[in-house]
Amino acid sequence: MPYPLDPNKMYRMPTHFGPRAGPRQGPDGRKFECIDNPLGTAYSVSFLTNAQQLQAFLPPGFSLDGEPVVTVFTNHMTEIEWLAGRGYNVLGVSFPVQFNGEQDQVRGSFLTVLWENLTDPIITGREEIGFSKIYCELPPPTHLRGEYHLIASWLGFKFLDIHLSDLRELSLEEIQTRQASATSDGTLHYKYMPRTGKWGSADVAYPVLTPAANSNQRILEQHVGAGSIKFHPARWEDLPTQYNIVNAFADLEIVEFRGASLTKTVGGKDLSDQRILR
Amino acid sequence: MPYPLDPNKMYRMPTHFGPRAGPRQGPDGRKFECIDNPLGTAYSVSFLTNAQQLQAFLPPGFSLDGEPVVTVFTNHMTEIEWLAGRGYNVLGVSFPVQFNGEQDQVRGSFLTVLWENLTDPIITGREEIGFSKIYCELPPPTHLRGEYHLIASWLGFKFLDIHLSDLRELSLEEIQTRQASATSDGTLHYKYMPRTGKWGSADVAYPVLTPAANSNQRILEQHVGAGSIKFHPARWEDLPTQYNIVNAFADLEIVEFRGASLTKTVGGKDLSDQRILR
Amino acid sequence: MPYPLDPNKMYRMPTHFGPRAGPRQGPDGRKFECIDNPLGTAYSVSFLTNAQQLQAFLPPGFSLDGEPVVTVFTNHMTEIEWLAGRGYNVLGVSFPVQFNGEQDQVRGSFLTVLWENLTDPIITGREEIGFSKIYCELPPPTHLRGEYHLIASWLGFKFLDIHLSDLRELSLEEIQTRQASATSDGTLHYKYMPRTGKWGSADVAYPVLTPAANSNQRILEQHVGAGSIKFHPARWEDLPTQYNIVNAFADLEIVEFRGASLTKTVGGKDLSDQRILR
Amino acid sequence: MPYPLDPNKMYRMPTHFGPRAGPRQGPDGRKFECIDNPLGTAYSVSFLTNAQQLQAFLPPGFSLDGEPVVTVFTNHMTEIEWLAGRGYNVLGVSFPVQFNGEQDQVRGSFLTVLWENLTDPIITGREEIGFSKIYCELPPPTHLRGEYHLIASWLGFKFLDIHLSDLRELSLEEIQTRQASATSDGTLHYKYMPRTGKWGSADVAYPVLTPAANSNQRILEQHVGAGSIKFHPARWEDLPTQYNIVNAFADLEIVEFRGASLTKTVGGKDLSDQRILR
């Protein structure tokens, strides 16, 4: 008399103990509104690279959209309701793309990878919504005499340094102007799950979109200034599961840095509007 | 000109940077023999429970096999070649089952959940071979005056205590006798991956088997004795992603403990013989 | 030709590599002003206990001052300049005392112990200024639906839970009124260093004072409300270096809780005005 | 009625809660025999440097003894009884010296610094027995295809790499020959404690000796081979409390490496025979 799966509930492995709570399903199935949480402090640095290098990273149906500007960002989140008030940090690398499918034509930011420093959101993010999440250590930033420094490492191997400086706070009007000029349809991903035993083939392979709309996120304050990033090349021995990802970024030409920002926000959304692109 | 996926290579998200190294694919595609590594120290405690409670955990096609004896085990591994010589720890809960499918009839150990203290093997394990791996902290055991104590926690909430004592070392002959009497076809799992956007439905849902054969694992020494386990009930606030799993085990009746073991091993296999059951 | 110690510089072990940087001595001997750093978020809960229990904790020359009200507080600090912009967390237990010495008569808060989650300030604090600092894990608080929860643990053994709720923000006027009513001379400590080889005797044993004055700390916001604390009794096996400290607090009668506060601050002082009481 | 200090017991700050358990005083004052614990795995690499550089590190009364050969070693200890069966790791740097005092003339190894990855033994070691212990992260070694790699870092800044390779196991006879040829009187240290408020002056400043005798330590196995070390220069921003220590070692000339060893041991002593040199 094996257990049935309730088609109105969400599951992840292990499925044997009932529905699994996560960002889109709390205890008793409740939803998380994401209005007064999470709190986020995001640091971002952009740089111009060359288009040819970025094209090599494009999944089927994707093409570059406009200038090849890569953004490296972190977000340090606290008071996350689905984690019962805990927090975690993320580090992402993205650039603007278009997706031209049979049904869908969208423009947005392609999130090529998202490192996180907690496993639970990595699992829900990969499996439920197709984010390319992997793990690294993301300690809190240091802030010394106006300069912010962030690092990322994996089991002690530091693979990234980020610096921000010369920050000035934007006025409310400036923030609104920047937001109004954003025309993205959302964030694009490519979900892939290998098939067990048939190595090299996939159980799942499709593009997905995080729509830009529907978010309760509000900017509390925003600062802009100068910034730089430096990925450190790794041997397989240093990063045996991630060396090729880090090396791909370390190899990217940096034509020029395009500024940095520090943004404090509250609210968000549960991403239950994540959808497959066709 | 998007990137192609090489059908002879293994991928995991992100797929944009080429094949991904892992337990079954090293740099340049090399395999890991698992002959002189990893080193493992495994602690195990078993108890008799009641069959009805275990039946509630059975996926489709599974039934109990023999006495309802649950085994809680940890394995502390070092010198893992696919991690370039690093280690990590695992904690599993299993019991004997049969699987009766259209093609496959197998008997073995059902691994209901496997906690691990490192994200990278959790990802490869879930996605490539369908292990129900999730994260927890697994500090090294304490050993004081003949008693071993192991704990498991998640972000500071301790959900399990394991104690072993009165251990005596087995002779080589005793070890061989025990191994010869094992008749398992392997370890059973149920792989499940949710479908993005169609919440409640699955992209992937099938039973998988880790065959017992083909392993290079050798027992270096083995000790048997007494042991006990205690799962601590959790509120959603304590373990917002895992409370129902821990509570399911905390609710299990412990009719009697059935002994404990400490086993040191070397070698293993890369689990590339993992296969879907039909 | 052994190295000389420069009498105008500060040293800690190891002394062989020149003066040691710390809170009161930066590189090139510079001082830290502590004006725009550190940032602090402090959580505090007080309770009335019985005087007799507290008297057992009083060093020579100390006596209770007024009601036996114990305050358990944490402070989560970031952007600390002497740590080059890093942060750390502290957890203290204090109550009001008088010190009557031959020369000094002071009233203030007796800081019986201060747990910290970073070794470097523990060493400087113990040796330079006589704080009774010891180590524990102090993860960030959780904040869920208006309730804050803080924990403290040592190698996985949780020995303290703190809860705050029903917080309301104080007006600037209320904050100023509370500050004006404070009449403490500062914080009292008892510095003790054992003599090597002559076990049971001391190299150093004297009371010290952190004067209340001279601080650049400013309150940015303050909230008051309800709170509770719970120390969990420990065996030697659980906390082999600290069990008697935790058990002393776990044994304290809690006659009634006396409220809680959450205070955000900026600035401080380098504590170079710390002095021996006589 | 303040508390008395029992002259037959050992204390550390805080002294208010009774005697403090530690390596030389267990619960109820019991001693730790250190016969079947701790277990240790030590890795060591030596190199010839120039004498002049080492002389700059010598405290009063110390002089170099023989060739200026520096040894960098780690020890990974488990099953430590005074920590109720837990373990921790250490990293030390030493070289051979003589001490010529008014009463004492001793030859031995000068332990200039000992990093440890746990605060509790750092405190007892500094204050009770005058070891120059400070904190760093010391993850377990990696072992890949015959090569061992160890690292040391502080809050994510890696300051040391150690490599060992080409190890061959010594016979029992070889081990005994090596032990018999050792003529050290023990390990030398310089204990220093600053005086509160009188910055630049000391409460405590004296040399101490860990006698070579009286230990229950036994070598279980020993391997010797090749090795190398590399200290990485640090800015104050990288290691704000330790940059000058690490830089002193990074500046040391490496004339040639003098081999490496891997040694597994059981037992030790409680170091209660630590004594002041005069």
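Chains: A, B, C and D, in written order; residue numbering restarts at 1 for each.
Quick note on the criterion: contacts are C-beta pairs under 8 Å (C-beta built on N, C-alpha and C of every residue); 3 or more make two chains touch, one makes a residue touch a chain.
None of the values given here were measured: they were computed from a predicted structure.
With contact taken as defined at the outset, chain A and chain D are each touched by B, C. Judged by shared residue numbers over all numbers used at their interface, chain C and chain D contact each other through mostly the same positions, with over half in common.
Counting C-beta pairs in contact, the pair that comes out ahead of the other among B-C and B-D is B-D.
Just one of A-C, C-D or A-D has an interface built like that of A-B, with over half of its contact pairs in common by residue number: C-D.
Remark: chain B and chain D have CA centroids separated by 39 Å (rounded to whole angstrom). If each chain is reduced to the centroid of its CA atoms, chain C and chain D end up 30 Å from each other.
If each chain is reduced to the centroid of its CA atoms, chain B and chain C end up 44 Å from each other. Contact of a single residue of chain B with at least two other chains is seen at positions 84-86, 142, 144, 149, 155, 237. Contact residues on chain A toward chain B in their complex (touch as defined above): 1-3, 5-22, 24, 26-27, 55-62, 82-86, 112-113, 118-120, 122-124, 126-135, 155, 190-194, 196-197, 199-206, 208, 236-238, 240-241, 243-245, 248, 272, 274-276.
Chain A makes touch with chain C in their complex at residues 37, 78-79, 81, 84-87, 140-145, 147, 149.
Contact residues on chain A toward chain D in their complex (touch as defined above): 137, 139, 142, 144, 149, 151, 153, 155-158, 237.
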